[in-house]
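Below: a set of structures, written as structure tokens.
Each of the two complexes below includes chain A, the first together with chain B, the second together with chain C.
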Partner chain A sequence: MGTELGKYKLCVSARSTNKKLLKHSQDGGIVTHLLAFALDEGIIDGAIVAATKEFAKANPSKIMRDNSNFDFPEPWRPIPAIVTTKADLLAAAGTKYNLSPNVSMIKEATRSFGLDKVGIVGTPCQMQAVRKGQLYPIGLRDVGASIALAVGIFCMENFPYQSILQLVEDHAAMKMESVKKMEIGKGKFWVYGKRGQVVQLPLKVTHKYEQPGCHVCLDYVANLADISTGSVGSPDGWSTVFVRSKIGDSVWAKAIAAGAFETQPIEKVKPGLELVTKLANEKITKNKATLEERKTFGVGKALRNPYI
Partner chain B sequence: MSKVVEISPTTRHEGHSKLVLKVNDAGIIEKGNWCSITPVRGVEKLAIGKTPEQVPKIASRVCGICPIAHNLAGTEAMEASIKCEIPKDAKMLRHILQLANRAHSIALHDILILPDLYIPGTEVKVNPFTPEEPVRSVAKRIQRIREIGQTIGQIAGGECIHPSNTRVGGMYRNCSEQAKTKMYDLAKEGLVLAHQQAEFMIAVLRNYQKRDWVDVGGMKVPLPKDLGYHDQGYLATDAFYGSSSLEECPSWDINRFKEVRPWDWYMGEMEISLEEPKYPVGGTTKMGTKVNPQMEACTGIPMYDGQPVEVGPRARLVTYKNFDEKGTVGQNVAREMEYQDSFYEMIDCIDALNPSGKVMADFVPDGDGSLGWAANEAPRGTDVHIARVKDWKVQYFSMLVPTTWNFATCSAALVGAPWQLAEVVMRGYDPCVSCATHMIVLDEDNKLVAQKLIQ
Partner chain C sequence: MVDKITVGYTHLSGCTGCTVALADNYGGLLTLLDRYVDLKYMPTLADVRHIQKVDVSFVEGSVCINDKLAVQEIKETREKSAVVVALGGCACYGNITRFSRGGQQNQPQHEAYLPIGDIIKVDVYIPGCAPSPQMIRNVAVMAYLLLKGTKEQKDLATKYLTPLMMAAQRGTTACFCDLMTEVINQGLCMGCGSCASACPVRAITHEYGKPQGERDLCIKCGACYNQCPRSWFSFEVVENYEAINEAIMAALQ
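So, the complex of A and B:
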């Protein structure tokens, strides 16, 4: 196809040089360290991230309480939060594998949080929403210009919270509270328990729990982010990083110059870009089929292909 | 023999209005009618049956110039009706929001009146859009003050035009420590600019006041020393914020207020007998045209103690700060004097705000149908909303908007001025005509009368 990885200026395999941070992070600690660096350098003055129940409990003023999380939520339910310090960032690090409505905070970030330069982390669809909001700022007065850094994460599909609950508590037979980390890799869904137990579920099992809305998305690697990252394509403990925009380029260059990340050329690592391309194509092909299918119902309002 | 001249539409203010003036042979106004010709929106009718949450949001949409005052007065009228006290920090946020609105509204007004005034020491009128100094830096300063006012407004209220964070019972959320600091810094910056801007404007206004004549569309018009004088009295509910029926000693009394129909107040049908094609822009109405202010005006005439009164910056300064200058220039000077005050007060409110404090009342009653009112001091005067809420549904809603109060007062102030300066007098009131257009009219027995003009 050739366009499955979007436009990018640079692609490397990287990991954070901060050992302490790596302990908290999912893979290479790219998102957390990049945002921490941007906060330190004043590139952003706050970031919207997916935090956890513990974080929300400790910092009720940094989240938006609404009907979905008014009573403090369940473990592993992501809650969009606005962080302004490194400590907060670390407390919120790690992938949660279910929906986190980060974009819902984007206006509030520039309002009652008073941010001028907002950093946002999100999945490819959320990056699309952010860019659309910048192009057509309906109900987002002055928000577009405040978005200083958008970091995208690779995403094949996402799960509603109930699905994760089902997968962990029924299939993996583990209590949500006792989960230390969740991960998708090597064709499996991994659940690591706090007592050291490890459960692996074949991805096949998880498919029926996916959010159906994800099956129309044709973006695997967050094409519209300033910098997008994910574990796919790099060895364990490392992340693949695409630097896409001018903003992304300048931030990444500064971060490298400051020694925030160690990098390897993507061509030299295994499995490399080949796997990313393969998975991206897999997602696009699979979801195009859904799109084709959807053309046959409704009133001729099939979703537009974002690539043409 | 008096002649009739009509300026329609009037320009450089919000909304759609006109001036019908009866003038003597020397061109001095003997009787003036300033009337709104903006069509009625019917917000009061829309409100009936809605929830108290919805109504202030709808009411705020009546206008984009002081929507904050409408939103706050509406919300507080609901709270007054259901008798709900809000936490202190919510009050502070509302104060900050309201003052931010005042700051950026005064800046806008400056842009609108500057073309009437002269650059001191010259015979050149100010064109606020010229790229030349000294006006250019003034225009930039005005823009910056507006930006500051709007940014503070959107932090405190969620949105600077139609604030989204006000709730019946408080505010949606408090702001963060960082946001508080940002508001403080902006207010400090605004204060310096407001001082400079007020000084500039007052100098320009005093220069105007000293002149013997002014130029209007090539006509040399004598400038009377008592331009815009009237003896109608003043009404203000607070130096900054407002008052409501929830307070122990409210500063407004609903029993002293009455509204009459324009039918009983304005002049009847007349024919235009004076036409001036040179009057900017495009001349006055053609000779022989029939006008009928009684039927065309879309506002009621509110009275306090049986008389129309003036509301606005001068009324606030007269009531609370012993200001004593009459006339149009005095009114504009008073407005400029409010500039710094609004930033000083804003800084005090930001200081008093606790970002981790509670901003929503613990219990919001559903309302028992009792009448509540709230007055909010909008940039251009007292904005009173009256509401009745029962079982979380609005039964009655009425808006008494600043410029509604000022219509009849300004009409009285027109007397004695050359007709060419009628618009200058009118602009002194910083009119916001569209929200002033309501037709809830009561007769002598306080009963709702048939609404002739809508039918």
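So, the complex of A and C:
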């Protein structure tokens, strides 16, 4: 198709040069180290990330307390939080594989939390929300220009919390609180336990638990982020990185100059961009088909198409 | 002067918050007035207060149909304007005036208020309570480009304004319930959180990643629905966000 990877100025395989950080991170530690670097350099003065129960408990002032999280969330249920230090970032690192409405904090970050330069991490749909919000800031007064760095993560689909609960506790037969890491890779959903046990589920099992809203999404690699990253395409422990916007370009160049990341040309690594392109096309083709099906879903009645 | 577009501002039953939001563009507003806009009439910011013939009219507030003057003004606005823009939640969707049932001093008989789209045809919506200054600025720049720009600029402005024109065609109600009926019930919500951040009254939180509306708090402004990337989304526009943002900023330099 040619447009499946979006516009980008640069694509590399990269990983953080901070070994301690890599212990906490999902893959190459790109998101965590990039935000830590941006905090250090004053490029951002805080970031909206998907934090955890433990983080929320230890830092109640860095989340928005409301009825939905008053008793603090369950293990592995993400909660959007504002982090302002490297330690906070490390505490929040890693992929949670269920919904974290990070954009819900984008205005509050500039209000209650007093940030002038906001960093945000999010899925491709959340990057779409951020950019729509900058061009059509209907209820986002003064927010658009405050967004100093938007880091996107590759995303095939996401899960409601209860789906993850069902996958981990019913299918993988593990307790949520005993899970150390979750991962989707090599065609499987992996659950790693704190005692060292590993359970793998075929993706066939996970598909029915995906949230329906993902099935109309036409973006795999966060085309609208400043910098987007994900494991696909790079060797284990490394991440594929797309540098997309002028902001992204400037931040990435500074981070490289400061030695934050080691990189390899994406052409040199296996499986490389070929796999990213293949998966992007798979997602887009499948979801375009869903959009087509929605047109003739009923008898003379269509389901709504959000795209103009 | 020749190249400016003529603009009017009709103020009906609204709280002046939209006017303040417009004024909150500060220097940007002055640049708009210097270069692009000839403000023909406006009750608050101009001396001329009677409706004139203009290219674009912004209307703030809903119409009290028990008030002859308001009804006459909205009709006259339509007759004398090439383009009518409903500015803010009240003009678009009724907003807080939906809850009016009269009885207020000093016109207790003024009880029935309608969004302007129920009285006249409206071309463009700018929802929000109040709409952000940047949203008003963006639409003003795009309206100028649409009427006075080069062919490319006209194309860009058309693309940018299309969703807002479609919003005007869609109807005169939008509130949290529209997120339920048009987004969640349609299987389109993916839990990004835009609605909660757009809500001016903090009526929306997220339960397990999906919006939960406190409907008693909802003022029916339509900000959540229109901010949602799954209510409407134009790839053609949003994919060029960098260039468009730069063009708007350059226009105001």
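Just so we're on the same page, the second predicted complex is superposed on the first by the 296 of 308 C-alpha atoms of A that agree within 3 Å, B and C clash if a C-alpha of one lies under 4 Å from a C-alpha of the other, contacts with A are read in each partner's own complex, and residues count from 1 in each chain.
Just so we're on the same page, contacts are C-beta pairs under 8 Å (C-beta built on N, C-alpha and C of every residue); 3 or more make two chains touch, one makes a residue touch a chain.
As the structure is a prediction and not an experimental result, all values here were calculated from the model.
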First, second, both or neither for A:Phe113, with chain B first and chain C second: first
Comparing the two partners chain B and chain C, which touches a greater set of residues in chain A: C
Touching partner for A:Gly46 - first (chain B), second (chain C), both, neither: first
Contacts of A:Arg141 with chain B and chain C, given as first, second, both or neither: both
First, second, both or neither for A:Gln126, with chain B first and chain C second: second
Partner chain in contact with A:Gly193 - chain B first, chain C second, else both or neither: neither
Partner chain in contact with A:Gly213 - chain B first, chain C second, else both or neither: second
Chain B versus chain C as contact partner of A:Pro235, first or second or both or neither: neither
Footprint overlap on chain A, where chain B in one structure and chain C in the other make contact: 108, 141-142
Chain A residues within the chain C interface of the complex: 6-7, 66-68, 77, 80, 98-108, 122-123, 125-126, 128-129, 131-145, 158, 160-162, 211-218, 223-224, 245-246, 303-304, 306-308
Chain A-touching residues of chain C, taken from the complex the two chains share: 21, 126-135, 138, 160, 162-164, 166, 182-183, 186-200, 204-212, 221, 223-224, 226-239, 241-242, 244-245
Chain B - residues contacting chain A, complex: 151, 154-155, 158-161, 165, 173-176, 178-183, 355-356
Contacting residues of chain A [partner chain B, same complex]: 45-46, 61-62, 64, 82, 84, 108, 110-116, 141-142
